[in-house]
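Quick notes on the structure that follows.
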Amino acid sequence: MKKTLVTLMASAAIATMAVGAAKADTKACFIYVGPIGDFGWSYQHDQGRLAVEKELGVETAYLESVPEGADSERALERFARSGCDIIFTTSFGYMDATNKVAGKFKDVKFEHATGYKREHPNVSTYSSKFYEGRYVQGQIAAKLSTTGVAGYIASFPIPEVVRGINSFILGAQSINPDFKLKVVWVNTWFDPGKEADAAKALIDQGVDIITQHTDSTAPMQVAAERGIKAFGQASDMIQFGKETQLTSIIDDWAPYYVERVKAVMDGTWEQQDVWHGMDHGSVAMAPYTNMPDDVKALAEATQAKITAKEFEPFTGPITKQDGSEWLKEGEQADIGTLLGMNFYVMGVDDTLPQ
Amino acid sequence: MRIELTKRPQHSVLFSALSPFIALALTMIAGGLLFAALGKNPFDALYYYFIDPLRETWSLHELAIKAAPLILIAVGLAVCFSSNNWNIGAEGQFVAGAVVGSIPPVLFPDFQMFLVLPLMLILGVAGGAAYGAIPAFLKVRFNTNEILTSLMLVYVAQLFNDWLVRGPWRNPEGFSFPGTVRFHEYAILPQIWPDSGRAHWGFIFALVAAVAAWFMMSKTLKGFEVKVLGQSPRAGRFAGFSSSRMVFFAFLVSGGLAGLAGISEVAGPIEHLNEKISIGYGFTAIIVAFLGRLNPLGIVAAGLVLALTYLGGEAAQISLGVSDKAARVFQGMLLFFVLATDTLIHYRIKLAMRSHASGGA
Amino acid sequence: MGTLEAILLTIATAATPLLIAAIGELVVERSGVLNLGVEGLMVMGAVAGFGMAYLSGSAWVGVICAIIAGALFSLLFAFLVLTLVTNQVATGLALTLLGLGVSGMIGEAFIGLPGIRLEAISIPILSDIPLVGKLLFGQDPIFYISIVLTIVVMWFLFRTRAGLTLRAVGDSHGSAHALGISVMTVRYLAIMFGGACAGLAGAFLSLVYTPQWVENMTAGRGWIALALVVFASWRPLRVLAGAYLFGAITIVQLHIQAISLAELEFLPGVIFWLASLVKSIPSQFLSALPYLATVIVLVLISRNRRLTMMNTPASLGKPFVPSR
């Protein structure tokens, strides 16, 4: 780990020397909501930053653990004034601040992750379809589970998390129509102790596969201790469960960050709103491990179909949890409903907090 | 070798004036050593921490924004602590003020006139004060330790607010993301001097509160009562003061000001209520109160210094790559040194070479 | 392993760090010092425990280093509040702030590394007893330490001369000093004991509970430990009860969320109705339950003024300067 970091830094330094001379004036800046050491959300964004440094040789800067209140506007303004050409604001809560500061600094490009407001031409928004990976996980879970119930450790009832839950259960039901999903809301993104407790509670109630939408590796460790299987989150957590992790959804922001910084360097940057998935490499899956070959083959086949855009998880017929019809046979969900998703589909064993 | 303290007959005027500077100097030295140990040039680091944020007008505005809630809360806490009541839950009262103060623009969005803002501020104060009254009531009525009840109520307030902005108060057009609607223009706290930066009236409130509290504490009978009951409850009772009423007074003042800070933050820079408003101002303000030695005017200076370490921490992070943890270590050290040097005000310190039979550590 | 047994086991795990830290703080407070820096001490223990276990390859080395780290870090607090007579509340808060910052800086090197788990002890036959077997005979070593610690502290405080001295110092440092007891020495030792316990509690988090290091991994448990001491009105056995009660509320609310109504249909009507009512409570309120419960129990216990006064160290939080 440490060694790779050193190598990375060294190669970044060499790249800076090599390319830096030609395009030394471009600077890419990043603000993170958590510490870069969370090994989850912010960590993965920082991996993207390192990739930008390495591949393009530009100068970068970052601020970690920036609260999403009054502080974020100051942090952004400081970036804008310190010569950043493009600023990535990597949490939903930075939405208003991003747009406000963008209005003041027309020459700086802003890229806001997971938001929907683009009030100025220099603001783009981007997000990733992590739910595509959840569908694959659901299929794996249904194949491997002997109890027919999986456990889901959820953070907060925002659309991103709800989409993940729905996609997971749809994937599972495509294999086993009676598959059930238990959900526990822990009301935190990051509290290893609480996540571990939630994992234990779920296992004690008979689930034999754990998946999580929180950032710590604690659920993986609990699953390993109890000898069941689990899915990782945000980054590859295989070191925390060598015989436990089935796969993990990896947030790979590097391709997007490199593409956008390069666009600024070439002068081709334009406002956009993207929601990339497996097709752009934004959603990657950690190697499929600890499963029989046929399950692995199934997972790989589904992943290939989603990547080739031959298949979309939210394709009808889909019934909502309350029994009403959501999507007809063959109908695909519209993007607005997906972005604001606030209902469960059939089969989720939980009441969605409203 | 051991350290012996002798109480001074009167507190030292010299050290009263000097001790904050000694503390600051010691923090600089220790901080410099810390940065050197991290492989950074200590002079650069200290420059980014303490000078860089003061060079530009916009940054001074930001300083005022960051300092405003700290000063407001700390002034209230100073009164509270001086009366020997320990309100550790200002963070919860901050949230309560923000929630109650947000009622007009969230529940009555069509009620739009100049009265809305004053009403919100009053509700904010009332909300914070009412929430602060809970530990006060429990202390007076049931003799419950206020440090712990006020602290526990912080988590309750945060979770309640979380539920509100994800549930009943959620913006229907916000794609199910938590947070209320954006406040309308009559519900926004104006900026003091919009041409040069975004500092808002919250900073003025903080200054007014500080001066008012200073006046009360040093010039009025109420201030005398606070101090007497704080130093010696028994003497206070002989003087005919009620310690029960003082508990309420202390918590209402500190809760009310924390509530005002809460609604000012929400109606000021944030412009809507969300689940992320609580980022620890109530706890940091405890440090500010002690940095300012519980003197409302000292607190203004202390609030600005502490706000500076946040801004400077960012500047150092961007320019030198110093971790944001360094800012926290820095604040901890500053408080330690201030507390330690304050000892000089009340005690003479002597180093004795030979240990007594019952030596310390 | 039955469900009930598993739940009990989880509760024990949730309660153990709280119990250890609270027992340490109880001794500190019994000596008349209020140390609000438990959170900072715990997190220092967590990072020291993880780091040294990782570097040495032995979880036990980690545990011992965490204890030492907690004791040493608390010495800083002791020097300020005892030798320099600073305000205890403010100094404790500064200690927490410093601990969170320092541990974050030290810990940067350990992020993302799998930890070493302190292995559980399993006594063959006995741990197979239904329901309580694993709970009593198949736990990790720190669990046993926490129970032994509670009993030893109880015995020490109320059955030994040294314990009597410590309580005397806490009740009236003036009279204790007049009797020739070194108030300073007693308090220095008490604070270091408290620090060592907090360090051990931290090690439990980073070596047993979730064997890894992440910033702020104590997540407020130090504050809960502080509340437990008052909750228990400074009695070790009640600290034990309080820690397990708190652990139980934390775990049970997760179970309430996880269980589905369909699984409860066998229950009689009224109970089923009650269960569905509980399940309809928003999760935020369930999360707030442990804190509300603490407030309520604090109220219930402190209502009895005489009982509380009897146990409260009268000199708690008051500065002491020896006069000659």
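Note that the chains are named A, B and C in the order they appear, and that numbering of residues resets to 1 at the start of each chain.
Here is the rule we go by: a residue touches a chain if its C-beta (ideal position, glycine included) is under 8 Å from a C-beta of that chain, and two chains touch if they have at least 3 such contacts.
Everything quoted here is computed from the prediction, not taken from an experiment.
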Chain-level touch network, classified as line, ring, star, complete or other: complete
Chain pair with the higher count of C-beta pairs in contact (B-C, A-B): B-C
Intercentroid distance (Cα basis), chain B paired with chain A, Å: 36
Cα-centroid distance, chain B relative to chain C, in whole angstrom: 28
Junction residues of chain A, two or more chains touched: 35, 187, 353
Of all residues in chain B, the ones touching two or more other chains: 159, 162, 166-167, 323
Per-residue multi-chain contacts in chain C, two or more chains: 104, 108, 215, 282, 284, 287
Residue ranges of chain C touching chain B (in the complex, touch as defined): 36, 75-76, 78-80, 82-87, 89-91, 93-95, 97-102, 104-105, 108, 182, 184-185, 188, 215, 220, 223, 226-227, 230-231, 282, 284-285, 287-288, 291-292, 294-295, 298-299, 302-303, 305, 308, 321
In the complex, chain A residues that touch chain C: 1-2, 35, 37-39, 43, 151, 180, 182-187, 190-198, 200-206, 216-218, 221-222, 225, 239-240, 349-351, 353
In the complex with chain A, residue positions of chain B that touch it: 56, 58-59, 62, 65-66, 159, 162, 166-167, 175-178, 182, 198, 265, 268-272, 274, 276-277, 279, 310-311, 314-315, 317-319, 323-324
Residue numbers on chain A that touch chain B, as the complex places them: 29, 35, 61-65, 67-71, 73-75, 77-79, 81-82, 92-93, 96, 116, 156-159, 162, 187, 339-342, 353-354
Chain C residues touching chain A - in the complex, by the definition given at the top: 3, 6-7, 10, 13-14, 104, 107-109, 111-114, 117, 205, 209-212, 214-215, 217, 219, 221, 250-251, 254-255, 257-260, 262-263, 279-280, 282-284, 287
